[in-house]
Each structure stands twice: as C-alpha cells, then as structure tokens.
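Please find the structures below.
Presented sequentially are two complexes of chain A, the first with chain B as partner and the second with chain C.
Up next is the complex of A and B:
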C-alpha cells in the first residue's frame, strides 16, 4: 500500500466547482499530504441514478471504489458532498446487503474488476480534522486573517446519514479548523438547512427562496461571508444573489467560499491558486481580503 | 446401587396440582413406577401435596414407615422447597434429606403429549430418588446482626430512612458527599401536586437528623471501603476536609462577611450557577450542619498562601478555621446498609439541538426551581438571563433525556408532573403564555390527573409532539429576538414554530456517573440502564442481591418524593427485621474447600462474585466464608484441582442424578 490519498473529483470539481479543486490541492500540498487523482474515474452515480436504477447507480459508484482498490487500496477522498454520499452509501450497502453485493460483484466481474472491499470513502474535512488535526493546522498557519467574520454552512449530504464528517447536529469541525487557522466564525442555527439543492433548476423560485433564507440569516448573525464544503451549496448560494437583490430590494453581496480556500490562504498559498477570483458574488470583498489585485473573469 | 445400604428408606410423593400436572402427566403411573425404584419404601400420589393434609401425609409416613429420605414431585422448589423441608423437619428428620422434582414448570406446563410427559416425569423422579440417597444431614448456621446501620446519601430518602431507624432506637451513621444534607429536594420550590413548599416540609426533618442522639451525621464524606457480610460489615468512610471544624463553628457567618473577596465571585452550586458565592460560604441558609465550608479551589490562601486571612481574624477565639485539615478515615461496624445515593439530572448539552449552553435563555428545570423560589438567586422573580426582562412566553420541553433512543430510553416518571408544576408557577409569577411540549402526559398518582385538569383550565397550552429543535433563526419579524421551538404537532398533523422568550428543558433522571464504582464497592448489581438493581421488582423492591444491603429512592430508579419516602421507610423496616431478629440463618448449600487437595492457586478467589473466598496465608489454602457464599457453584467448576465441593451438589449426588435420569445401571 502506497502512502497518501486518492482523489475522486467528480464532475463538479472539474466544472463549476473548480475553485474547490484548486484550493484543495493547494492546501493539501502545503500540509504535505499526497493526493493522487484516481485514474479513469467515472460518474459517481449520484443525481437521479439512485431513484431511476439502483443497481446501475451502485455499480457506477462501485467501479470507482474498485479502481481505488486496484490503485493501492488507499483512502478515496471525495470532496463533493453528493459524490461522498453515494460512494459512502455504496460501500455501506454492499457490505450490508447480500443481494446488492451479488449484483455489484457480477457487474464488476464482467468488467474484470476486483471487488472493492476495504476501500474507504472519505471527505476532506474529516481527513483534515482527524488525520492532520487542529493543532497541526494551528502550527502551520502563517497568515493573519484580514477579512470579516464568517459562518460555516455544512449542507445535508456530507453530514447525514453517515456521521463521519461531523456530528449530525450542531457541527463544529469547520469552525474548529478555521479557528485554528486564525479565521473568526460566528455561530449559526441553519448549518444543515437546505441550500435549495437542485430546486434552483427545477422549481426555481422555491430554490432561490431557500438560499435567500441562509444568506439573510448569515448576515443577521453578523457574518460577511459564508463557508461551504459542497460545490452545489456553494453554487446555489453564490449564483442567485443578483436575482435576490432585485426581487427583494436587498443590498446583499456576500462571498461564498470553500473552507479549503480559507485554509489554503492561512497556510500561505498564492491567493491566485485558490480560485477566489472565480466566484460570482462578493467579488469586491474577496479581492480585498485575499489581496487578489487583478480582476480575472469569472469562471461561470 | 452400592451406595444404597439397607438403611435407606425413601418416600415418593407425586402431586396432581389439581389438573396443572395431572392434566398432562399420568401421576398414578409415575407413583407406580417410583414404587419399583431401589430404596423406595412408600410411593403415593395426592391432589395437592402443599396443602396441610398433603404435608401431614409425609409426616405420618415418616413416622409409620420409618422413612429417612423424601422425594416430592410437584412444582418448582422456589415455591415449595421450604414447605416440604419444614414438614420433614416436623417429623424430626433432617430437612436436607428432601429432594423436589419439578414436574410442573419443567414438564406439564411445557408439554402436551401425555405419554412422553409421563415418561419424562418417571426419569426425573428416578434421578431424584438416586440423588436423595446420597444426601447428608446439613445444618443452617446463624449469624449475629450488629444493630448499627449505615445510610449512604443524605437526600430525602436517606434522611427519612435514618430518622425511622433512629426513632426506633438504633444507631445510625448518615454519610453525605456534599457539605449539607437535603439533596435535590432542598432545591425544589414547591412539590406537586399539592404545591406545598419543599423546604418547609424538608428542613424540619434535616434539623431533626442533626439533633437526633442516635444519628451520627458525616457530611463531605464518602464510603471508601466495605468489608464483611450481612450483620457484620466493616466500613471505611473517607471524610474530606471542610477546613472549618464542625464542633467549633457557631454558624455566625462572620468569616463569610470578612472574606477578602468583598463580592461573591464563584458559581454557587446550590443555585446551579445562577448566583455567586465567596470561597467561604454556607451552602444555603437552612444547611445542615449549619457550618460554613471553604472551597480550596477558590480560596486565595490555598492558591497563593499569602492571604491576609481576614476570615480567621473574624472567627477570633473560636479558632474554627483550619487550613491544615486533610482527608481522614473513620472506621465503623454496622450490620446493615441502606443505599440512598439518588440520581443525577440529565446533561442537556448531550442534546445540542435544544440549545442549552448556546442560547442563554434556554434553562434546565432545576434552574427554574431555583428561579421561582423566594429564597433563590432572584428572590423568586422569574427573569431572563439579562437579569431584568420578564418572559412573556415560555416553552417547557418534556422528556429531555427520557424516552429517547439516542440518550436514555426510560421514562423518568417525575418530569410530566414537575413540568405541570413549573408551568403553574411560571404563570403565577409572570402571567406568561406557557406551552408544554409533550410526548404523552403521564399523571399516574394521587391527585396528579386532577392537577393536570386544573392546568388545562388555567390556560396553559399543551402541544403533543417531540420538539425537533430550538433555534434563534427568525422566519418572519414576529420571531425576531425570540427562541423558536420547532415541533411536529401530532394532534393537528403539521409542523409548528412557536416563538418564546424562555425555554425550559424538563431534564430526565439518570444514575450517577460513578454508580458503577459505588455498585462495586458495595458488591451489588445494576440494571442495564445503571440504576441499582432490586432483588425482585415486585416482591423484594428494596432488597439487593447482597444480604443486609437495601435500596431507597432514585438510586434504584426514577421516582417522586412520596414513593421515595415510602421506599425509604420500607428499607428501614427491612433493616429492622434483621436487627430485631438478632441473627440471620443461612442456607447450608455452600461450597467448602478440601484442604489437603487445595494448592492455593487463588483461581477461585477472583471468580467468586460474592467475595466469599479468602486466602489463608498461614496454610496457603483457600477458605470459603459460608456466610458470604451464595452457593452459585462458580468456584466448584473453576477449581483446577477439583478441590472445592458444594453441599447438596457434591459430585456423587450429581452423578447419581445423571445416572438416574439416564436410567443407567452400574
């Protein structure tokens, strides 16, 4: 078994969530953690697969886990909450239910792939918290935060029903990690309240209302920005602020960060390598706090 | 059959138990078969062997037929072994020459087919006949009882038990961990459902404890070791320093006045931190003993050694304050022990979504008891943590740490009623709108349901549903600045948000964190949830599996004050039974060591659950104390050299029984 971790980007981290990938890789590099992208990875099996064809969803997911097993059986880090959940669920269900195991095994055999037993799906927040530890992050942080206070928002899929990333209620690990990196946070009651999920694309006004609730409450608590650990949450909170401003005659313009961007900054990463310039909302604040001088066109 | 000599004359009695046995087992056939077993002189069947005529039959046969062994095939020995042994003794035969065969619970009640059931009864009777021939005469032994009693815990349970025993003239040692007796009850405001003042009914009893010539009260003390057995316990009590001599302090409080801290600075434990105290303090005005205590964690003299010691100055010629005091141990001998160690309230931080510790205006029920109390930190004014504003709406959440799969699964029994009481008191003090969030309202007690009805009429709101969370997130302006209780109202089938100013968490009761440690010290058992286990839930509710140790109050399980006092009285009565009898008789079915074969390996000592075995240094052998031995047989099975035997379970007896059941002829 080789050291370090395998990395499963999934579609988001190569697309709308590329800032998450950039900042994750930067932060891990600075913490001396090896992170190797899984070769030949495919769709994680999330989105509507599970409700359309369960077997197919499990098999898609299992193929990634099986590849990870072939690649030295290292822990597989899935930063996107949707990827994390479906991979973690596959790992769990294949272990628990013989009928699912049989179907998955048959499909993997057809593809000449080994069973994925023993591969662990992990989330970067939990890896940083458990394997690196708050104390080490504190000692490795080199920059002093010049920005305002933030609220940490955890969303749903990384948190439940598997309780490995953080506690099922009143999560604190992002706060602890950012606190260790010298970045102030304020407490917030809506850490797992819905971000709108895919509703922003289907029943748009409901989805937008849901993320407006979060943004408004974060501001009421005195936060100037929000921190997320999921590309969908980040996108929802980031992308519709202009619409919210217009509809509600609001002055809202709040940057929405990935926790890895803030951590990377505290660890001394080049601000340009963290993708902060890519977000849609709160660009002025983000530029100011991260000292990104030049305007760079938004990714989306 | 070589063991059977001509002297063995066995009587076999097969019971019908009405149709309980005779309905499934052909009792006449069993009696006929038994008549043919070796050594059997008389074999009979009878409708009810346990009746007086049934017993008389045995006595008459022993006399007329010169019987010297008796086998009764009937029900479980748990029910009637004592009956038949007594009957045998009446005929001047050693009672241990009796053997029972259980052909009811082990046979007729669990089988249907008559032929097979009868055959099984035959086999069991044959086994008993062969075994009983090997029985030896045994004697019960008597253990004298020391009349002194140790009561552990000075809450209402311990106080009531101690006073009951002391009033009957017995010497009582009352040991309390805190600086004062009174326990939880001393902190309550009113008691449900009568609303009489807790302090008014408790403090006279506390004073009576202190004044009673038969009670030795030790506060700030803990039982550190218990040796011995029923009637003869040797107990070591560790007495922690109060840094004030109880016999010299007059309770004048001048030292508190004179303390270098001009203002109280430290959390007052009695008020759950809602007020402050100085490093030297009296726990509460009616504390018993009325002696101040110094907290070495807070006192400057302990921290720096450089205090001006204005307290000592103020104490003057009394010289009651003594910074040099340390732990010391008292050793006492008692015959019986009553454990009344109480409960601890559930820690609400274990349920983070109810916001205790996150939102200041979320309170525990115990804090509210102090808040509504006229002698409490606010003089009985119900105000929010800011110290000035009165809540206009209050939500009381029931079952916090009760009936919950993720924390404690049991019902804490008192929370419904005390929540109703607090609802009434809060309404009375503030005229606030009060909401009760409940799963079920449980009011099974005298006057309890009537109290609930009264509250319904008083306009307290009841919402049936387990609260999901307490949040400060306002959905609309009417919720701004409030705590919002989110709950599924299961009677109207929708999710509600109730904004309130104050949330009260009705904490459940749970065993003390160190209950397991205490359990081991007293060698008793705990139920799965960690409360001390009674010997029988119905018929021996205050006894433990260790003779001479009794339970009272919430250490056995959650209960209210009336039940606690009743149980404390019962525990005292059970102790008095032993004391007044003067001795206990112990069954002779104990294990004994064959000394010449014992190698002194001590295996048995660690196996014995009753601490009955010791190692005799002089002989390098194990020795079993027959008073402590319960006859469980663990040491017999565990002894590597086979040098432990047990009366009534000797190898010969067991092998004969097996041979009998298998109808094996040597």
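Up next is the complex of A and C:
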C-alpha cells in the first residue's frame, strides 16, 4: 500500500463531475494516501457502449486494466459507478467466458499490452472503509459540521451486481464514514433506487420524474441535502431541480454533495478545493455550510 | 374501433432465436424463468413500460422476436441491475436487455431518430475515433441527430454547467489510439 493507488477518472470526473475529482484528491491527500491518475486511460465502455458492442466494451476496459498492471500492479480506483461496474464486470466475464477472454487477449496482444490479470478494481468508498477505516477517519477529523442532516444515496451500479463496495442490502458504509467524521445522516429507504442514468437526457420526463421522487422522499425524511458517490447521480439530482420546482409547485432547492466533499470538509480541506461552489441547486445552503469565514474552533 | 387478435400463434415464434439469445454471455439462465414477476416489481421504470420485464423475458424465451425487439421496455431499462440481483433464478435480466438493445440497433427495430440508439451510436463513434468521450459534444451530437428542439430545453442546464465550470468544449483524446481495439466487421454498423 505504500505505493498508493491508481485512479481512473473517466469522462465525468473531468467534466460535469469535476467536483468529485477535486474533493477525492483533496481527501486522499489529507489522509496521506497516494493517488496517481492512470496514464493515457481510455473510455471505460460503459452503458451506451454496451448497447452497441459488448465485447468491444470489455476490450476497452481491458486496456485500462492492462495499463494499470503495467503501472506497477497497484489497485485501480474508479470513482464513477458506471466505470467501476464495467471494469469489474470485465474482470468477471473475462474469467467466466472463454469467448470473451480470447477476444480480449487477441486485442491486447495486437496493441503489445500485457494481459490484464491481477489488477483489482476498487471504489473509493470501499477503499476508505477497508483500507483507512472508520476509526482513523474519526481521529483525523478536525472540523465540526455546521450543516443540516443529510441522506446518503448509493444509486445502482456501484453496489449491484457486485457486492464489494458495500453489503447487498441495507448499505451503511457512507453513513458510517460520515458519522465518524461527525456528520449526521438520516436513514433513507430509497438509497439504492435508480436515478435514471442517461434517461434524463433521452426520455427526459421519465428520468426527471425518478429524481423528483428521490428528492421529495429525502426531504420528507427531514434531510436538507443528499450525498452521492456517483457523478451521474449527482448530476441528475442537482441539475433538474428548477424544472421539478416549476412542474410540481415544490419549493425544492437541495444541495447534492459527493461524500468526498463532506469527508474533505471534516478533514480540514479548503472548501474551494472541494468544488462545493460547483453545485447548481442549493447554492445558498452549500455556501453557508461550507464557509470558513465564520469558523469557530471546535472546542468553543 | 379496431378489433384485432390479442393472442400469439405458436407459428409466429422463432424458438431458434431464443436459443441464440440464451447462448450469449450472461443470458444462459433464460429458460429457467418461473414468471414470478420479482423483476417487474423491483424495476423503477416498469410503470412506463409496454411490456414489463417479466413479460419481455417470456416473449424472448418463447421466441417472439418482433414483439421483444420492438418493445419500449428495452430502451427504458436504465441498467440499474435491481432485477438481476433479485431474480430467484439468477437470470441476468440486465444482460438480456443489453442483448435485445444490440439486436434492435443492428436490425433497426426502433423509431426513426429515437434518441437512445442515437446516443449509443454517437458514443460508440466518438470512443472508437478518440478513445475518450467528450460529454458536451456527445450531448450536442445526440440532440442534432435525434431532435434538435431539445437543445432549447437543455440551454438552461448548459448555462449552469458552464457557469460552474463543469462544461468543457475540448475534444478529449488519448495519446496512443493505435492501442484501441480495431473495429471488426462483425460489430454493429448502424447509420
């Protein structure tokens, strides 16, 4: 572990989900964990690619895993749920199906790349939980949370169908980590109900409706904000609140955070370095909760 | 009032097609479905579907290819894997839905300019050419090739993303594109 981890950003963490990258890097730095971006990574081949050519999607993921193996066989952290799932599924299916393995092998050989065996795909939530641990997070948290209660939302592909990020049901690791960092959460029955993924862009009304249900239920539970672990969930919940307000005559305006932003806050990071100012909804609350101007020492 | 036959005749089925689907990776438990409906119950999108996931599975395993491929269900599936993990027969329903999407795209069993296959195609093209996806360009290309009017609705969101530094107009590329998989003839060619 002394060499740290490799990190696979994927398209979102360089664009709409840039706050996830910023806060992940900040939190890992404060925890003394080395995180190096995988050099020359390519698209993971997620959902849309799967509907065109499945084996090609596996081959794309295999190149990333192979690059990770070349870069010293470190664990590969994929923060985006879609990237995480495709990388993880590639490893699974290459092991299970000889037809896929043959094509993956042939394609890597053509590119003079080694076979991808042995590299572990991991999600930052599980790395923080297993490798750092709740106790260490508790002892390293230096800042008091001044914001309101939150609900943790896990979405889909990070926790299904592979159960390495959290338990199959009643997931609690985000709550445990935030709890250790002194941030209160409220239980949320819809924590693994789908946000619709790319449906908000394709069959818009249907996708937005799913997010309305999630936001409304979160508020009914008494939460003032939601916490996510996926750039697509964050985007969907964050970007369409104005439309939801208009359509349903709701006064909804809820900030949607990444769990790494909250963890970074507790660890003492500069709020600007966590990308909190990049939210579209709930900007006033986010600004208020993450402002350091009125900060008082924790012992007062 | 148009009255038409609501039941299917066995002769309209293609059992060999069902066998073919069941031979794909992840789809092997297709024939062990007990029609319990757990998939439809857990699916967050089944209330919008013309055939619920349970019915699609039934159509596929009986070989009613046309009905399965022209169903809206396969496009509404957001690949959240709820059904797959709850299926008591361990049928990987999500994989079957992907297989159906690929078939439908290959044989063009979808409405013209329908946004989801257009998105899949543009994504595939962009990644095959550059090795990476550029979010902004993908959305623009999808809109222009399906329904450009949606750009009007997207303008507000686009402005917010731009304002918060979450939108980039750069085309992302990898340095060593020759390492990408070559596109073999067998893969989908969709125009």
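Quick note on the criterion: the second predicted complex is superposed on the first by the 289 of 300 C-alpha atoms of A that agree within 3 Å, B and C clash if a C-alpha of one lies under 4 Å from a C-alpha of the other, contacts with A are read in each partner's own complex, and residues count from 1 in each chain.
Everything below uses one rule, namely that contacts are C-beta pairs under 8 Å (C-beta built on N, C-alpha and C of every residue); 3 or more make two chains touch, one makes a residue touch a chain.
Here the structure is a predicted model, which is why all the values come from computation and not from measurement.
Of the two partners chain B and chain C, more chain A residues are in touch with C. In the superposition on chain A, A:111 makes contact with chain C only, while chain B stays out of contact range. When both complexes are overlaid on chain A, the residue A:81 reaches neither chain B nor chain C.
In the superposition on chain A, A:187 makes contact with chain B only, while chain C stays out of contact range. Judged by the touch definition given at the top, the superposed model places A:53 against chain C, while chain B stays out of reach.
Contacts of A:278 after superposition on the shared chain: chain C is touched, whereas chain B is not. Shared contact residues of chain A, touching chain B in one structure and chain C in the other: 193.
Listing the residues of chain A that touch chain C in their complex gives 11-12, 14-19, 40-43, 45, 47-54, 56, 59-60, 63, 93, 96-97, 99-100, 107, 110-113, 155-157, 160-161, 168, 192-194, 196-199, 201-204, 206, 210, 239-240, 242, 277-280. Here chain C touches chain A in the complex through residues 25-26, 44-45, 48, 75-76, 78-82, 84-85, 92, 94, 98-99, 101-102, 105, 115-117, 119-121, 123-124, 127, 131-136, 139, 142, 150, 153, 156-157, 160-161, 164-168, 172, 174-176, 178-183, 187-188, 190, going by the rule given at the top. Those residues of chain A whose C-beta lies close enough to touch chain B in the complex are 167, 169-170, 187, 189-190, 193, 213, 217, 220. Touching chain A in their complex are the following residues of chain B: 352-353, 358, 469, 471-475.
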